[in-house]
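Here the structure is laid out as structure tokens; the discussion comes afterwards.
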Amino acid sequence: AAEGPAVAAQPTGSAATFETLLVSTEDNMTTIRLNRPQKKNAITVEMYNEVIKALEQAGKDDSVITVITGSGDFYCSGNDLTNFTKIPEGGIEQMAKNAGELLREFVKAFIDFPKPLIAVVNGPAVGVSVTLLGLFEIVYATERATFHTPFSQLGQSPEGCSSYTFPKMMGNAKASEMLLFNKKLTAVQACAQGLVTEVFPDSSFQTEVATRLKAYAKLPRNSLALSKQLIRGTEKEHLHTVNDQEVERLVERWLSDECMQAIMSFFQAKAKL
Amino acid sequence: AAEGPAVAAQPTGSAATFETLLVSTEDNMTTIRLNRPQKKNAITVEMYNEVIKALEQAGKDDSVITVITGSGDFYCSGNDLTNFTKIPEGGIEQMAKNAGELLREFVKAFIDFPKPLIAVVNGPAVGVSVTLLGLFEIVYATERATFHTPFSQLGQSPEGCSSYTFPKMMGNAKASEMLLFNKKLTAVQACAQGLVTEVFPDSSFQTEVATRLKAYAKLPRNSLALSKQLIRGTEKEHLHTVNDQEVERLVERWLSDECMQAIMSFFQAKAKL
Amino acid sequence: AAEGPAVAAQPTGSAATFETLLVSTEDNMTTIRLNRPQKKNAITVEMYNEVIKALEQAGKDDSVITVITGSGDFYCSGNDLTNFTKIPEGGIEQMAKNAGELLREFVKAFIDFPKPLIAVVNGPAVGVSVTLLGLFEIVYATERATFHTPFSQLGQSPEGCSSYTFPKMMGNAKASEMLLFNKKLTAVQACAQGLVTEVFPDSSFQTEVATRLKAYAKLPRNSLALSKQLIRGTEKEHLHTVNDQEVERLVERWLSDECMQAIMSFFQAKAKL
């Protein structure tokens, strides 16, 4: 079967302790693979928590670089909207509050991650899996990948620090097209706009990327980590502020009529299929 | 006659109250059309004031998006230099002070505008009409459009927050070529540098753009406005500081020999035609 | 012989007072030419000090623009690693401290330079000569030029304010490829990423660039200087902070095992040739 880069056939280390991820460390590289391929790797509450935990472990292990990728044809379809169907005792206000707190911690784990973080985008990416890419050092994409952040369609607002990283990276006129007006980018477009480092033909994607990653994992560990922290350092505090503001806005949004109606329409359309 | 997007043949609402603009609201979209086509939509003192007023109204009306475009072949030829020929009682110092205060309020109206703002650049754009584009969410341009900021040729300095937005968007090496060295960009070049969202063939420009705008105007109103404000929020205060600094510098420039000589040469060259 | 732009056959002014540079002022333009072509214009301690001095003089002379270029086939091969082979009395700690202080002053001279600064990149550029380009107003490159910052290969970390200017200019995903993972860019790639203003065929490079520079040098002096200072002004203080942080990190790096081993390997490989 076609497998991603640098995941051993027999994963070693802590791989067995996760339900929604495959995590392995080999040859100075820790790989975190989102592993709900039947659900396009949509992020459940459990997966949010497991990614936070996996990043915490990867930040402390002796690997040089950390890689995130997806199982199957999708990279990640974003937030699993069924997260919004489990109403806790405190009602939907409590649900929105909990979801906001989880998202804040999830994004925080990416802001604070101390080593080079590399996304291997093996297929379409949606929502928070796209916005977070602004916090990665390297983003390699197959030509099959697409990048879509349909926030306003769902009555929502941008997260993952994209309200800051996207305009910084590509300018307002391109960032708003994605973040406000739901433009879906091809891999080549995303590369031209600075969101993606390089695009590869799908047929040779895994092989070519694996070669790069192996070479990167042999570079001096401290030099890489300290250089990354130097770059992040000049804006780390600001990223935390942005994360807080985005989450606050989103919690309000989740409780708005616009958002509730949009999410109900989503499930109704799905039920008809 | 070829008309811009979403302007009714019979403009409704407050359209009648402006001398230099056509303003109309229809289908959740307010359109502000610069309407001095015989003068290439050059911005007079009156037009500065009317745009400020029109933006204030559009920010409060129930439209979802606001569009700015030009009548005729030009988008806007920038500041009308005849503004400098009407010397008030206080002399040219007073004239420069007044012009600075007007520019500051004009740019402020764009910084503070609370909804998505879309430029439909229907032809060449010059000076402040170019620099302000860094404060728009979407910039659609016909392939005929050009983008020119000949500040140093006139002994002046950048405004419209471009001393901040342009380097942020395109890097110093491209921004200085425009802002210091008077490089005129084609629409395709402006798109490659992040100033323009997308370029369209002139023959289908109005039709294609109208289709996009109609779709955008149907998106959830609050989601769009709050998302825009979230993005703007992280740098709004800084934009006001930049605006103040640019205006202060420009008022000094207007009183400099370099600038006065350049403006006199402009009128002498014009008189010879 | 093919000479660079605007350097008189008989250099005038202060040219004679430098050992490692050719400096001349003519037609409102001061040209600083790195002049160790036999060493690919690698920067020795003496050259660091002379560039600081030359920039100080150029900032005060009556030229309108200042140009930096290289003699021979290279633009600049970066820091001369033989700088690390002259151990002072205080040992390698003192050497690292001295080198850090020199680098800080060198970069400071670029941050504070008050006029438009133009790089004429006549061939390959390496290390600090690349990172500093983020502080130039215009970067013209021959198609033969390449841009390489192999910091992690040498166990080092980014300088020249590139930990701030590169992500700002090209986004994280492109900046990290250069600054962490040693990607060497062609001139065309560097232009697409905003590091270079324009690329020229090698055969016409000097002629075409000289035409541009002559035109720029005729623009109003104060308008250009004040416009540049306006743009720089909004981030000058931050650039000094970034410079301090980069130097501090680099001094630590120079004393690390990773870096010492990498530099020793460099000299061993060279000795075998």
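As written, the chain order gives the labels A, B and C, with residue 1 at the start of each chain.
The working rule: a residue touches a chain if its C-beta (ideal position, glycine included) is under 8 Å from a C-beta of that chain, and two chains touch if they have at least 3 such contacts.
None of these values were measured; they are calculated from a predicted model.
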Subunit B against subunit A, contact positions shared by both copies (same if over half, else different): different
Size of the rotation, in steps of 5 degrees, that lays the CA trace of subunit B over subunit C: 120
Interchain centroid distance [CA atoms averaged], subunit A/subunit B, Å: 36
Subunit B residues counted as touching two or more neighbouring chains: 168, 170, 193
Residue ranges of subunit A touching subunit C (in the complex, touch as defined): 116, 133-139, 165, 168-170, 193-198, 216, 219-224, 226-228, 230-231, 233-234
Complex contacts: residues of subunit C adjacent to subunit A: 151-153, 155-158, 163-164, 167-168, 170-177, 179-182, 238, 241-242, 245-246, 249, 252-253, 256, 258-259, 262
